[in-house]
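Labels for the chains are A, B, C, D, E, F, G, H, I and J, by order of writing; each one numbers its residues from 1.
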């Protein structure tokens, strides 16, 4: 099985921590699932952390430092600030896998809005008070299916 | 409870069927959930059909015609072609609810890719051989949560 | 004193309610402050409602119908759906007054982020669970100052 | 509590002073609130100065040099010119916190314009003869609220 | 001599007043210089008013109504609101004459900034507290030269 | 008084001569006005030359070399080619001072065109056979005003 | 032989004169070469006039009116203003023939600049004091070649 | 007379050969006309080759190596591949000289199309089976005129 | 089986002939394959003709007129000019089927270039002297495969 | 015959493997056809692999390592991750050869969609479960023709 790696020449605007963490991951040959089990978070959250899109807690930093044998002070220095999110994906995405997700928003955006509005009223599904997960299903014919779940708090528009 | 409606001056590029169907829906005061139950499809798929983003089967046309009392020939004329998808949402989306979905792709795009690649190999989650649904959860504190599930067939890149 | 009006040829994508409401406002020669007092909402919220960017409650519709002498059924028909927000301002804004607000985001965006993150942690200020107001101050030299207050709930990023 | 830091690989177009100041801030572990108290300016202005979006006075340079133990000549060399504003935030902003501010402009832009025009006449709120501040409020339920105040001089359009 | 006219199919987003005024101007065969003399304003301001980029005072409306024989109530109705500026020129401009002005900003923008900063300090030249004029000069060789003067109040950035 | 300086990390696409000249200017603490007097050109032209937007004559190179004590051969090597204009300002400009000039074109573009066409006929004001200057005025109330003059040859469209 | 026609649904932003002239041309079945001979101008200039990109002289209007049997007053009304150039071609051009011209600029732009600068010095080839023509050549093998000649006055940058 | 040079900081995406060739050209103080005579090609083609927009034949490489005293193996290594065209000019061009050519396409694009279609039928003028040249003319009044000739094979659309 | 139809509200910039032809096709319930057989052209070419992207010969017009019972003069009037190609597809395409073709260019563009250059030398595959076809294959497992063939004349870059 | 090479200054965002592989290819003077024969894949797939657009299997890595004499561990390190596709071609493509492919999508996109929908129903041709090849044909007149075949699995839209 192949592991996800990072080629920094393709991602010049990721934070320094991304290079550190992906190099360690490649060296230890660990999957995000394995890392997630070690630090007790969802694997998507861990991958987001590696791409600089999620914040590491002090405990995360300790555990990552132990797991990968990275100097704790270096990792703390690189991970202690607040993520500067949004720089990893060029929009519209050119990467085919990510484009499919973008296309789902493009095609079903108003359908989601109409159904959510009718179910919840005037508001939005939060992308902040939010979690997500990825699951794998295999059907009777042996076909694999990816299942992505998005779960966000419903925020009604304030009346003022 | 309010129902989702369509103001055609805000959506000049939707197909003629959108105006027909939304006008009937407003007149009959039916939610997408109710329509979905009537025609036996998921409510997101029904909303997508109303926005011109999903194809109606001949049976769908019959049932919609009956439910709304629209002349069958008119509806068949407007719905019998192939959807010209992608014209409903301006990208990047300016609508706040739809933007949150876009932002999820922007922030978690590479995390999804990394996790999916490690789980399934080199490929994509299909947005065509695909279904989706919206659910409502209420937690112990009375907060509402929206849960969107995306389920797509895994397509490995062909080796050639 | 002049009143804000709407020239629909300059705003072809606003909802039908915008034309109805602005025409009534011009006819009755009422300011947003006066309308706001009548319906018991903030004047910015009222203006947003006129531009199709905020939802009217059933009581708002009754009061607006009474104030302007618009047929209640017509107004209900035009205002009962969910706002399709974001279509009123072209971004980047070409209108000088609106551009100044955009420029504040452009110039102070990261300063706000840094200060908010240090005060509140990793999260965002909600633009949904949110209210805003406009005030006028006159200093000792007779200069007028506009004061815009933005107040949003702090939403911490979920850990998952 | 975490402090705001700067990862220069994510901000290649900031001035040299940004790297100098953020490195010193991280080393001294000072918040913008603490730095602001030291030099007698608002914390948003200080953060803007760190991002190259506000000008330092000679006194600011002296105080920053003292506070951080940075060579005065170096700091003067890097801060003595005129800020080349606007390069820090990519527009539309991809960063979620900054996007929410952008969205407020997008959704309420014409509402602000209408209300301001009716209150002040034909003109704009200056973003130059301007100050801003950030405050934290906690409501009875323990929820935190961010309050951003924008205060700009009203500039009427000249008649000519 | 030819007069400037308006072809509304080329400018679908101008306000209704533009069509009214330009039609009257064509009918009366008046130049902007002549109209300006009649209402006592600069001809550039008058042309801006015709394109919906400047506000008419009540006196302007009276004088324009008289000069062109347009019903006063109609003109007041069309001109009494606040201009929604910025919609007339597509940027970057495709029109060659307007492009040359854009090119001057593009080529000399930083030179103006540097010279203005050194002369006035940290701030901007206002485009609101601002006037402009156009003059014609003919040199000894019979060549014509256009001279455009921009005069704006200097606004220093507030220290806060 | 502060002097305009150049931070090359903010302007990675300027020619090598810009770094050389701005470093010398900072070292000698000379304003563009002083440099302009020395070499006998307008200060805007000199600033444009520093930003790589105007050509230096052999005499300019000699005088700049003398004034700043830069090796003549180096300066000749860097300045002897033809300027590759237009790379200094990002359009639309994000810098507030430069944006104001852009906004003048955006708001008054068609007004200038209409007035110029009526005064001169069908043609353009040249931005090549062109000069410009910046002046400072102080009014009776002590307010400063910036005056920018644009003077370009009128070029009529050829008839063919 | 086919003649060039205009489908106004494909060109909604051309001036009213374009529809008038192209309809007359189609009715009279005349080529641009024939029209050009009649009014004594180059056929490219005539086609530009038809697309609203060149000004008609009073004599042109008389001759076009005669040739096509169009009411002189109507044509004068539609053609007497100043062309609002640049709206006919969407850039980058999607039309294959026009794209090839665009591609020539894209590929050879700097080569033209380098050669012109070395031949003429620092300046530009005018697109205003300019004429152009199209010719057809057939080589010995029977292949046809299109030859487009661009002839513009050289304008040296002013020294100031 | 000045010679065209290359400042690589302004053109970071040109091939390595561009830096090599322009450095040699500056060192030998040769114009494109002189180089063209030496290698027997048109000077525009030679300049295009220097900017990486045209392919060098083996004979060109030998002659350039001899003329400039560049090691033949180095030049062969840098020039032997296939040009990756189109990266030299940013579109729309910001450089004034190149913009004028772009403007000619923008203004006369449909006029060229109409005239070419009437002369040749349905097809395009090739930009591949294509040559171009630049000439200098001086008229009786001493004005210089640049004449650019574009000559491309006519390609009719295939019928299938 | 469903037939491809045209909803003109989704395609406002197609030529008038598109509405005529698609309405006739829907009325006669003919597929492009059937129409192609009738007029003796490839079905992709026929569909392109319906979308205004290919030219009809006089014989095509006669046959289409006969097949659909459309008045010959009307069809000749609408189809006799030269196609104004490129307006049918918005780029990047939002339609999922068309996007996949775009993605193939995006992902394999340089691979095609490298292989074509090595096989044919420096040049391009013509999109004008070009034909294309679509075929359907069904494999042993009953899966359907679409096969699109692109065949274009190789055009070597001219040496000049 | 020339071989395709890579100038990394023109492609700064390709993965590290691209530089390694193209350098080896240039050194061994092998065409993609020769490499393809060695590793048993189609030459377009091999070129895509070189540009970082296709995944190498472990066997591919062994064979490439042997063929080029590259250290196996280095190649495995650079090629073992998942391709981050889509970064090689700038869209719209500026490269003429790649632009022609883009133009085919632009011109024939809806024609392909209509024909495919009529042949296969509502769905898309996969670009993932996909292969492609390039062939060379020479006609009786000695003209060369490039033939590109695209073969993708048909994916019907799921009904849900």
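The definition used in the following text is that contacts are C-beta pairs under 8 Å (C-beta built on N, C-alpha and C of every residue); 3 or more make two chains touch, one makes a residue touch a chain.
Since we're looking at a predicted model, the values are computed, not measured.
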Chain pair with more C-beta contacts, C-D versus A-J: C-D
Repeat of the B-I interface, chosen from A-I, F-G or A-J (over half of contact pairs identical by residue number): A-J
Centre-to-centre distance between chain F and chain A (centres being mean Cα positions), rounded to whole Å: 47
Centre-of-Cα separation between chain H and chain F, whole angstrom: 29
Multi-partner residues of chain E (each touching 2 or more other chains): 2-4, 12, 44-45, 55, 82, 85-86, 91-96, 99, 103, 106-107, 113-114, 117, 122-124, 126-128, 130, 132
Each pair of chains that touches, named by its two labels: A-B, A-C, A-D, A-I, A-J, B-C, B-D, B-I, B-J, C-D, C-E, C-F, D-E, D-F, E-F, E-G, E-H, F-G, F-H, G-H, G-I, G-J, H-I, H-J, I-J
Residues of chain I defined as touching chain A within the complex: 92, 94, 96, 99, 103, 106-107
Contact footprint of chain I on chain B as seen in their complex: 12-17, 52, 55, 77-78, 80-82, 84-87, 91, 127-128
List of chain A residues in touch with chain J within their complex: 2-7, 9-12, 26, 93-96, 99
Touch list for chain A against partner chain B, complex: 1-4, 31-33, 43-45, 47-48, 50-51, 53, 85-86, 88-89, 91-93, 95-98, 100-127, 130, 132, 134, 136-137, 143-154
Of all residues in chain B, those that touch chain J in their complex: 41-42, 44-45, 54-55, 57, 82-83, 113-114, 117, 122-124, 126, 128-133, 155-160
